[in-house]
Structures are given as structure tokens and as C-alpha cells.
Amino acid sequence: MDQLSLAAFDYDVAHLASALVLLAAFGLLYQRRLPGMINLFALQSAALGTAAAWQAWMQDATQLYATAAIVWTLKAGAVPVGLHWLIRRLHSTRTVETVLGIGPTMLAGVGLIALAVLMVTPIGATRSALTREELALALSVILLGLLIMITRRHAVSQVIGFMCIENGVTLAVVGVKGMPLVVEMSVAFSVMVACILFGIFFFHIRERFDTLDLHFLESFRGEDR
Amino acid sequence: MSGVLFQIVQFALTAALAPLVTGLVRRVKARLYGRIGPSPLQPYRDLWRLLRKEPASAQTASPLFFASPAVAFVALWLASGLIPTFTTDLALASAADLIALVALLALARFATALGGLDVGTAFGGIGASRDMMIAALAEPAILMVIFTLSLIAGSTGLIRIIGFMLGGGVGLEISLSLALIALLMIAIAENGRIPIDNPATHLELTMVHEAMVLEYSGRHLVLVEAAQMLKLLLYLSLVGAIFAPWGIAETDTPDGLMAGLVLYLMKLAVGAAGLGLFEVAIAKMRVFRATEFLGGALLLALLATIFRLIAETI
Amino acid sequence: MTVLALLLLVPTGAAVLLAFVREDTFAALLNVAACAGTFAISCALLLDRPPVTELWLVDDFNAYLIVLTTFVMTTTAVFSAGYMAREVAAGHLPRGALRVYHALYQALNGAMLLAMVANNIGLLWVAIEAATLITVVMVSLSRTRESIEAAWKYFILGSVGIALALFGTVLVYLAAQPVIGGGLEAMAWTALQARAQGFSPAVLDLAFVFLLVGYGTKVGLAPVHAWLPDAHAEGPTPVSAVLSGLLLNTALYALLRFKMVLAASGAAATPGPLMIALGLGSLLFAGLMLYRRRDLKRFFAYSSIEHMGIMTFAFGLGGVLANFAGLLHMAAHSLVKSAIFFAVGGITQLKGTRQIAGLSGITVSHPALGWGLVLAVVAIAGAPPFGIFTSEFLMVTSAFPRAPALGVPFALGLLIGLAALALRLQHIAFGAATPSTSPRAHATAVVPLYVHVGLALIAGLWLPATLAAWFGAVARLLG
Amino acid sequence: MLALTVGALGALLALGCAGVGTTRAPLLAASIYVAAAIVSAALALIGAIRLALPVEAAPESLILPIGLPWLGLHLRLDAVSALFLVIVHAPATVIGLFAAGYARHEHAQARVLPLYPLFVAAMTAVLIADDAYAFVLAWELMSLASWALVLAHHDEADTAPAAWLYLVIAGLGTVCLMGAFGVLAAGAGAYDFASLRAAHLSPLAGAAVVLLVLLGAGSKAGLMPLHAWLPPAHSAAPTPVSALMSGVMTKVALYGLIRMLFDVAGPVPWGWGAALTVIGGASAVLGLLHALVQTDIKRLLAYSTVENLGIAAIGIGLALVFRATGQTALATLALTAGLLHAINHALFKSLLFCGTGAIAVATGTRDLERLGGLLARAPLLALGMLAGCVAIAGLPPFNGFVSEWLTFQAILSSPRLPEPMLRLAVPLVGVLLALAAALAAVCFVRAFGIAFLGRPRSPEAAAARAPERSLIWPVLVLGAACLILGVLPGLGIGLIDPVARTLGLPGFPGGGAFALTVGLGSGRAAVYSGLALLLAAGVLGLIVTLALRRFSPTPARRGAAWDCGFPEASPTTQYTASSFSQPLRRVFGPAFMARERVDMPKPLETRAAGFAVQVADPIWSALYRPAARLVEALAERINVVQFLTIRRYLSLTFGALVLLMIVVAFGT
């Protein structure tokens, strides 16, 4: 086997992992049941971890292994378990009422991916194909995550959306060659996620982000109208 | 030097003739009504009688009440002295142009109105307020007439205007005739003649000027009356000087002056007769119709200006 | 380097120390002392700048911001020493809250300074994220439901913004990496600016969009401003002062650094129009929002949004004059706005309410405080002879000839804001005095207030030459 | 001399600081006012000396190391500034002395004293500013100080709205001026007037500059339709401040107009001059119509300020027209008319405001309906006020007539204009001016007659006592000044002549110290000699009095008023202020949307009949209310954004992000 085909193979693996991440994001967009969403998120994180590890091996950058480890243990492991426990603990309804119908949401998702590709195409000239497509995938995952956040009403599903954004960012981070401080950033991120989960749990959010507690929201909405 | 002399003559002349003109008008009206009427000299007698009477006035009257007739009289006398009647060689005629003349009339009115307000009666207020309203409408009109004249003659100075008119450079102009009509209407309004006001009425609610001076008596009334007479004379001689300047001497040769004097007297007589005729012919209008009357005058004067401007443009 | 290390270590150390101090008054004093110390250090930093390393950077741009930060932190610490004590006494704060507060105060100080002196876009990001988390906790300090909701709103929106900003940061690195090669070098401001020509404009544009929305959230630009009013209104007043006066500036600083990179790269043309759009939008939006406000602190929070919009507009407009104006505005605004919050804190404590309707006749009941407020609000409204007047003069005069279509709405926005401020100011400062708890205003509120106003006056009438020179240099770099 | 001026500014600021402490010390307050008056006198003197210098003398200039770091604060003292130094500070001196006497009647001294000198200083600074920054700085400081002064009596009901409106309109003006300077400076940092003069503008940019200047300075001068702030602000402010704002500050606004339109903004096309002229005419008439129906004397005077500034604007606008059409001699004539009217108005408007203050002190009210019979109680005050009323009514021999006469002469020269349109338009302005002049007489007969003549209409008017001398003699001094300027207009024109020549116009055509002669060549000429008329009138008056003495010696008998035989009518039967203006209210009803409500009881009903009039400013409802409503509606509409849920806010973030991406994707 000559270098070239080997390189091609590398790319394919990397692609596969990243594509899985995006696919999972789409699945999250489609899935309307919380446990399903959590499992999909776990899958996405696992794929991300794989991608990170693969990149670590390709660029033989040790800190990426650390990242992969964090992703696997925290996002693919601890967080989903925690979330499962949480929804049981909050007795929250199993199905999420979405703001938009699933169909329109999917369409919007497709549109976002198209936009992402559109944004990335002009870059091609100077970059190697790998990073460009990695970038397109990461960008779409981020946008989809944001879309999830604003189309789902349930707190947990929105957390998942947020973490989906984060996965997208991490995907981009591991995609680019030799980016320093990656570990620090992912740690900082995890702190943030932890805080959010803590917040949800601590402040007893029953239904949605936008209500901590329904009856005082009437009295206070930033300011009395 | 001669200018000063003629100026003095002029002042004396106007002061002396004013009652006569009023008398003439009354006489003409009486005759037209079919009465014999008082002699034209009657006003002199009236004034003299009033002068000798003991003046009675309200306790509430302030010094201004007594001063205002004098101020009004002096202002009008001064104004009437500024109009070249028989000669243009007047010392003061060059010291004030038509605008100043109008301002002097306004000053007289200002003083009279204050006098009317002074005692603090209802009628004084009515008179002052209505008189000022009429004046407020008449003044723009007369200023527009002045515009027209100065557009034609190139100056607001009476001497120049008369000179220009006498120079014969001016033919029969639409704008001039319009200005004349406007000026006549204003003169009627300003002198409180029918149809705006009735100098002979003493029915309170129809009075304008009379209501204002209701409180005056004795020598103060003399000044008031004399001022009215002067005003009439002033307008007559103004119309005469501008629109019938014939005979006004521009160079002081004795016979020229003589002719000017005689012609001036004739002009006055004609004016008085005309006024009498006009007054007999029409009826007094309601006070608020006066605005329409004066609005018409203003419009005519404005038309005169515009015609003039168009004539200049073409 | 040592000085720089001190600058970062003193607040951090103080934070750790304060976390264990139970005695509140002593803690307050210690807090002031620590701030004063950092201020002194930053002044020393001015005198001889440390050399630029691959992690640390002190140049014309951040030097004055560092000093400004430490200074305002100091005066605010003085203010909060009196204010927070009274809050606790009044029972508005739970027991032991002050310990957390003081520790976090120093931590925030350190985080902001770190963001300023970092010569690395990643480090900057971490610092700003830390600052966000710290302020979230500070906002929720009083544990009332309102404060908790405000903190929650702040936290969620802030986190999303931060995430987007990180993606932008990664993109910038992606653009730099092929030119500079990997490693810290490719994340250092200095290197990014020096070698920006080779960067791919497409990547930079995309990056800037994310940075603008991400850090823009922290700057408080409409429509991503939503966290700001509630956080300002519900947090303790010293925190509002620091948020408005410093944290917004820090985020804007980050944004401007990136704009410098784009300007240096030459090819990328996007920043200007985007910033103008957001800036103008924020100005008009906040100006209109001012009219319906009933809560005094939220009122001035919106005024902060308005001014952030003004600055963003100026920088978006670009050109030496507008940039100079923007930089001056950053300094003047942080001075005056924090001064206003000092006054507001004093007033709300004296009158026992934050509702504008319940506040009236301060100049009658407390002349010193009242007239101080009048001066400060007049200054924030852009009246002479304060610094904000100078900057707005420069903005308007440079906006009108270059883009009348922009100058007119900009001027209109300024007017709308002025009208709203005057309306409320007259109601609060004049008229019959409402009853107050104490006849005398508290010195810890009044003295810092007048100090800030005095400095704003100097900024308007007599801008120190060196400072002007720095502004000029930075203004040129900003393109 | 410029250095001295700057020193004087410093002194004024120091006085302001000295004023901060003095809350309850009338004597100290009075002394501070006196000191301010002395400084003003010095400044007026400086201006006069500068004007006495030959026109060729290069203007002094000075650069202070403050302001914009790369620019510094440019100051300059040329003939224009000098003239306005005189216009501002001659009245300011008297007003300061009046304020000293008024001090013991000012209950909010602590809020007036510190700001009063600051206000004067700011106005002075505007006059000597020589770069855009300094100019706008001083201009806005002037607005700000006066705003705070208007707020001095903040405990009164309608003060706050008045002050607010004032500040907002002032802000509009300032922003407009900034814009004008911006267009002139064209984005370069050089804001000093020297480089602004050198600016080459496209016609469009030039038009923008002029428009912005008209808005900026015009709003301060109170020209329609930006006059709305004047009446409320003037009636709310403490009397000496109203006098300063109305008599003096509006002149600073005129200075701004002249400095910009004649000097800095370069030659202006005639269309703008015509526009200014028409605006002036409209302001003159409408202002006066509103003055005519006011019952609060201060509001009345404020509206009459709108009128007089309109007259001055007519002169200035005509000067622009003439200059643009190359008839420089006529331009000088018109400019002189405008400036002379500015001087005159500064004098008699200060007089009238001081007098109003004295009336308020004597009776405790400014409401015409509650006054009356003051002449008997305060004769000297009445004398002074009479002089002021005659002067402002534009009657000889006082100064108001002279400037109106000159304005008429300028208007009468309009047929020399090349554009036929102008030839027809300007005489129409003449009609407006004539109407204004006539109405002014009515307005001030009413003001003086109702306040000073007749019988007291209220107990307080009946109980009125003459105010102390220190309040009266400033009024008399100003009255004397009005008379002198009216009789010897040469004095005023002598002051203005250097200005015209500094602005590149020829000297005043004609002139003459005693007889004011306007020679316009080609036989056009007009003469007015107040002195001659006065002397002649004196002689005639002497004759009249002697004659009366001689022929009617009997002393007058006093009794009850005749009043057509009505017995002892009560004072309530007198004509009131509103009944006096009723005829004109009817005639010009639409101009102020007058609504009269008569409530006449049916026969056999015992209740009293009622009558109420309300007048409104149509411009208010046509311009200001809609704007306010628009802002209100917008604020209401977008206010929902404050009450969204976090998810919606996130949607905003998402939307912004996607939108910006799309823009970038398709924009580049």
C-alpha cells in the first residue's frame, strides 16, 4: 500500500466518525422521546471521542488523547447516566412537546446544513479537503444543536442541545492540526455543562428552561408590565 | 431757511384748516339729507366752547389719561405737517418718509387706546380693542400702498414720490389706481367714517372711536376732537399730494406757491364733498364686517404691488 | 514578567484568602486593599511595560484598559464596602453571602485582568468564560427568586454565547495555522496581527460572525442582550457597576482585537457593516426601551446597552476619528456608568425602593448625592464638558460626512436616549422629596461618585497626551 | 483683549463656584450678582473697544491646551464676536444688577446662583469659539446651564415638562450643529474654523450644511416651528434667567446663524436666504398672534420674542439673498437691519422681563387678568414699562421703529433681485412684517393697558406697593437706552458697520449720526430722522401746552366716571385681557385653534353665566404631538422584548447568527 491510499483511508475513517456525529445530531432533531435523545447523545459523544482519538493517532498529538478520554468518560458515560437518573428523579413526561412540528424542524435542519456547506465552500482553495469538510460537519452540528435548543421545551432536551453544540465545537477543535489548550477548553466546557445540570437539578425546573417556578413568573418577568 | 418758514406755515395751515374740513363734510351731508345744517365754521365754535368749559374726569383717571390726547394730537399734527400740501420745500418733510408717517399715526392710536383703557370702564375697553383691531388690519394695507408707490417712484420719501408724479414719467397705471382705491378705503376706516364707524353716533354698542374717548371732556376733549379733524385733513391731503399732486410747488416762486395753496384748498373742498356724498350713499356695517372691508383694501393694495412687479419683470 | 505575575497573582491570592475570612468588615477592607494593590501594580505596569511573550501582552490597547479596570474595581470596592454591609444589615443578603461575594469579587478582578493581558485567544476565551461563571453566581447572591431567574437567564444565554465564541476562536486558529504553523504562536495576538495577510478571508469572515454573536452576547448588543438588564437589575449594585463598567468593556476588547486581525488581513471586509448594524440596532432599541422602564437599575442597564451600541457603531464605522472616539467612549462610559450605579445604590438604599415612581427630589433631600447623580446622568447623556460628549462629537462629526444615511439614524438614536434620560432624571432628582431612611447620604457612595465624574470631566476637557497618543495608535490599527 | 475675555470667563466660573455655598445669604448672593454684572460690563467694554479698532486690524486668536488633544481650544475675537459681546453683555450687565436687587425675592437662590455666572460664561464662550469643538461645547454648555436654571423652581407644577422640552429641542439643535460641522470637516480631524472655511463641498453637501445650521441655530433662536420650548421655558425660569434667555441667549443663536452662514459655511445660494426670510416672516406673525392671546405676561413676552427673532431673521435672510445675487450694498443694508433689530430686541426684551419681575414682586402674580391700576401704585415702573412697550411696538421715536424701518427699506429693494420668484415672494414677507408690526402695537397696548391702567382686577393688585428702587431703575436705564438708540440710530449702525465689512460686505450705504439716511443709488433713497421728529414734536407739544394754559385755565374736576351714565360699575365690568383680544381672536381664529365656550343660563335660571376660551398652538399638535406619539407607540411595541422566555431569547441569538451568516455568505 502506498502513502496516498493510506492517507485516503485515514480521511475516510475521520469522515466516518464526523459523519456519525452529524447523523446523531440529526437523530436528536428527529427524536421526540427523552430517553431516546439521551441515548442518541451518548452515541454522538462516543463517535466524537473516536474522531478525537483517531485524530490524535494521525497527528500523534497526545493532548487529543486526553480530550478523547474526557469525551468518552464524561459525555458518553457519566452525563447520559446522570440525565437518565435526572428525568426519573423529576418525573418529567416521557415525550417532549416540540415547538415546531418534526417535519418543519427536519427541513430547517437540512437548510442549516446547506448554509453550513455554503459558508465553507469558498475556503476550499487554500485548505486541504479534510479540514474543510470537517469544518462543514462541525458547523452543521453546532447549528443543529442550537436548533434543538430552541425547538424543544423540555429542560433536559435543551441541555442535550447545548451539549450538541459543544460536541460540534470539539469536533472542530480536534479537526484542526495541533491546536493548543484544547484540554483546558474542554475542561472549562465540562464545568459549564456540570453547572447547567446542577442548576436544573437544584432549581427544580419542572417543565422548561423559561420557567423556574410558574407562579412567581406571573409576578416577575424582569419587570412588571 | 425757507424750508423752516414753509414748515411753520404748513403746521399753522393744517391746524387751522382741520376743523373747517370736518365742518364742510358735515355741511355737505346735511344738505344731502335735505337739512340746512350748521355752518362749516361750527367746529371752531364747538372747540372753543369745549376749551372754555371746566373739564370733569373720573377719580380713577391717571396722568396718562390726560397726557394721551395731547400725545395723539401732537403726533397727528406732526404727521400732517410732513405732507407737502402746497410746496415740497419743507424742512421736516425730508426727515420722515411715508413709513414714519404711518408710524406716527400708529403712535397716536397707541396713545388714544391707552387713554381709553385708563379709566377702567367697559366702553373704553370696547373702543380701544375694536379701534386697535381695525388699525391692525389697516396698517398692512397702507404699507402695501406705500410699497407700490415706492416701487413706482423708487423711494418711500414723499418729496421724491411727488416729484416723480409731477415729473409725468408715470402714465395711467392699473397698480396706481388700485393703490388709490385701497388708500381711500383705509382712509375711511382710519377716520372712523361710515361704513366702518359713525362719527355722529352715540349708541354705545355701535361706537368704536367715540366709545374710546367717552370719558374726555373740556380741553382734553378738544384735543381729541382736534386730533380727529387733523387726521381727516391728513388723509385728504395725503391722497391729494400723491394722486393729485398738481400745483404743489417744487420751486418756491411766489405765484407757484400761491397756485399751490389755492389748488390745495380746492382739493380739500372736493375731498370733503366727495366724502360727504359717499357717507350719505351707504349704510354702516357691523363691526366684524370691517375685517372684510379692510381685507379687501389689503388685497387691492397687494394686487397693486404685484401688478407693479409684473410690469417691472416684463 | 514579575510585575505581570503580581498583577494576576494578587487578586487570585486575595480571592483564595477572602474565601476563608469570616469577619465581614475586615474582609471588605482586605478587598479594598487588594484592589488598591492591583491598581498600584497596574500603574507600575504603565511605567515600564513587560516584554511581549507568547502568552502575555501589554500594549497601547490594553494598558489603559488594565489601569481602568483596576481603578474602577478599587473605587467600586470602596463603594461596596459600605453598600454591602448595609445590605446585610437590612437583611437583603443571606448570612455568609459576603464571604462568597468578596472572594468572587477578587476572582472576577483576576479573570478580567487575565482576559486583558492574555496574548492568546484561547486564554482570553477561558478568562471570559470564568468571568461569566463568577458573575452568574454574584448575580444570584441575594437568593431571591428574581435574582435566581436573572442569574439563570444570564447563565444560559452567556454559555451559548461563549460556546459560539469558542467556535469562532477555533476558526481563527484554523485560518492562522497554515500560515503561522501550529502551536501557541498561531493563537497569539501579536503573531495573528503581524501575519494576517495570508489568512483565508472566508474563514475569517465566518469566524467573525461567530465571534460577533458570541462575544457580542457578553457585550450586550441587541438582539443578544437579553441577559443584561435583569442581571444588572437583580445583582447587588456593586456587581451592576462592575458589569456595566468593566465586563462589557472586556468583551468588547476581545471583539476589537479580532477586528484588528481582520483589519490587518486586509481581505476581509465584513466587520464594519455587521458591527454598524448591530451597534445602530442596539442604540435605537435600547433608547426606545428606556421609556417603559420602571426599575431604576434596569433603566440604566438599558442605557449601558445603548452605549455599547454607540461604541460598536463607532468601531464599525472605522477610521481613525471614529475609532479614537470609540476608545475614549469605552473609558468615559465605564467611569460614568459605574458612577451612576454608585449613586443609584446610594439612592435605592436611602429611599428603600428601586421603582422610579417612588423616587423623587433627591437633590432636595440629599443635595450632594442628588447633584452627583445629575452630573453623572448629564454626562452619560453626552453633555459637555465630559468625555462622552467629546467622543459623541467625534462620532457624529465623522459619521455625517462619510455616511449620512447612517449619521441621521445615529443622531436620532442619541436624541431618543437623551430625551428618555432627561425625563427620568428630572423626576428622580427634582420635585418634592420622597421620605428617606437617613438624612445623610453615605460617603462611600458619594466620594467615589465624584471621583469618577471628575475623571470623566478631565477626559472631556484635558485628555492626557500619552493617552491620546495610545488611542491614536490603536485607532490606526483598528482600521 | 482676547486674553482679558478669557480671564473674564475664568472670573465668571469662579463666581459660579463661589455661589455653590451661599444658600441663605441674600447679601452675599446680591454681591455675587453685582460681581457678575461688573464682569459683563468689562466684557461689553472689550467688545466696544474691539469694534472701535480699524476693520483691517487682524483678529486676535488664541489656542488653549484643552479640548481635543490634537486640536486644542481655538479662540478668536473679530468684529462679529465683538459686536455680539456688546449685544450680550450690555443687557447682561443691567440684568445682573436687577438680579442683585431681585435676590431677596428668589426663594431657590441655591439653584440659581451657581449656574447664573456659568450660563453667562457659556454664552460668551460661544462668541469667541474658533473651532467646531469649542463652539459646540460652549453651545451645549449654554443649553445645559439654562436648562438647570429653568429647573430652579422645580417644585412648581409645569416646570419639569418645560425644562424637558427645552433640553430635548436644545439637544436636537446641538446634534444638527455637530452634523453641519461634520459635513464641513468631511471626516478629517481638523475642526478649526480656518480649515472649515477652506472646505470645498458638493452642492448637496452644502445644502445639508445650511439646513442643519438652520435647524441647529434656528431652534435656539426660537424660529418656527422649533419655537415650542420658548414660552414654557421662559415662564418657568426665574425672572432674571428669563430675561437672559429671551433677551440675550437668542442673540447668541443669531450669532451662530451669522457666523456659519456668512463666514464658515461659505457663500450660501439665495434659495436658503429666501427660506430664512419666509420662516422669519411666518415666525413674526404667528409668534405675535399667540402673544396676543396670552394672559401670563412672561408667556406673552416669550411669544413676542419669537416674533422679534423672526424680524431679525427676515433681515439676515434678505442679506443672504442679496449677497448671493451679488448686490452687496443691499446685503449690508439688510444685515444691518437684522443686527440692529437684534440689538434693540436685546434691550427692550430685557427691560420688559425685568419689569415683569418687578410686577410679580409688587403684586405676586404675572396673570394679566388679575392685574390693573398699577400705574397709580408704581408710577416709575409704569414709565419704564411704557417705554419698553412703545419700543417693542415699533413706534417712533424709540429704537424698535428704526430697525423695522430699515427692514422695510431692505424689503423694498427686492425688485432689484434677478429671480422673478423672489421679487414676488419678498413683498409678501413685507405684508407679514407689516401685519406683525401692527399686531405688536395691539399686543402691547393690551399688555400695558390691562396691567397698569384701569382699576385693580384682584385684591393683590389693589394691595400692590411699588417694588424697591433696585428693581425699578434697571428698567428705567434700559428704557433710556431704547430711546437713545431710537433717536440716534447712528450709534447702533456705527457698531454694526465693522461687522458687515469684516464679513466681506461694503460699508453701510448712507448712514449719518442724526438723520438715518439710506442711499441706494440710482435715486433710491429714504431718510428718517428720529431726532428731528422728536424736536419738532417737542416744539409742537410746547405750543399745545402753552395754548391750553392760556385759553383753558380752569382746573379739572374729579368725579365718578361717566361711563354712559352707568352708576359706579365694579372693576369686574372692565375689559379684561382676553376680552381685549377677542376681536382679533375671532379674525385669526384658525391660527390658534381658539375654542370659546359660552354657558348662558336659561331665563329664570339662577346660576351664573360662564365663558371660557382655550387657545392652542397648531404647530404643537401638527408636529410635536405626533412625534411623541410615534416614540411612545414604538416603545410600547418593542417593549415585549423585555418579557420573552429564555427559549425565545435563544431563538433571537439563533436568528441573529443565521442571518449574519447568510449576509456574509451572499454579501461577499
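Letters A, B, C and D mark the chains in the order given here, with residues in each chain numbered from 1 onward.
One rule holds in what follows: a residue touches a chain if its C-beta (ideal position, glycine included) is under 8 Å from a C-beta of that chain, and two chains touch if they have at least 3 such contacts.
In this text the structure is predicted, and so the values were computed from the model without any measurement.
Shared contact partners of chain A and chain B, listed by label: D.
For chain C, the chain with the farthest CA centroid is B. Interface comparison, B-D versus A-C: the pair with the greater number of contacting C-beta pairs is B-D.
A separation of 78 Å divides the Cα centre of chain B from that of chain C. Between the Cα centres of chain B and chain D there is a gap of 35 Å. Centre-to-centre separation between chain A and chain C, using Cα means, comes to 31 Å.
Chain A and chain D, compared by their mean Cα positions, are separated by 69 Å. For chain D, the set of residues that touch two or more other chains comprises 639, 642, 646, 650, 653, 657, 661, 664. In chain C, the residues touching two or more other chains are 152, 156, 160, 164, 202, 206, 229.
Of all residues in chain A, those touching 2 or more other chains are 119, 146, 149, 209, 222-223, listed in ascending order. In this structure, the chains touch in the following pairs: A-C, A-D, B-D, C-D.
Residue ranges of chain D in contact with chain B, taken from their complex: 372-373, 375-376, 379, 382, 386, 390, 393-396, 401, 405, 408-409, 411-412, 415, 420, 423-424, 427-428, 430-431, 434-435, 437-439, 441-442, 445-446, 448-450, 453-455, 515, 522-529, 532-533, 536-537, 540-541, 544-545, 548, 551-552, 554-564, 566, 569, 571, 573-575, 579-584, 586-587. Of all residues in chain D, those touching chain C in their complex are 65-70, 132-133, 136-137, 140-141, 144, 148, 151, 154-155, 160, 163-164, 167-168, 171-172, 175-176, 178-179, 181-183, 185-187, 189, 191, 205, 208, 631-632, 634-636, 638-639, 641-642, 644, 646, 649-650, 652-653, 655-657, 660-661, 663-664, 667-668.
The touching residues of chain A, counted against chain C in their complex, run 119-120, 122-123, 125-127, 131, 135, 138-139, 142, 146, 149, 162, 165-166, 168-169, 172-173, 176-181, 184-185, 188-189, 191-192, 195-196, 199, 203, 209, 212-213, 216-217, 220, 222-224. In the complex of the two chains, the chain A residues touching chain D come out as 99, 112, 115, 118-119, 143, 146-147, 149-150, 153, 158, 208-211, 221-223, 225. Partner chain A is touched in their complex by these residues of chain C: 120, 122-123, 125-126, 129-130, 133, 145-146, 148-150, 152, 155-156, 159-160, 162-164, 166-167, 170-171, 173-174, 177-178, 182-184, 187, 200, 202-203, 206, 229-230, 233, 293-295, 298.
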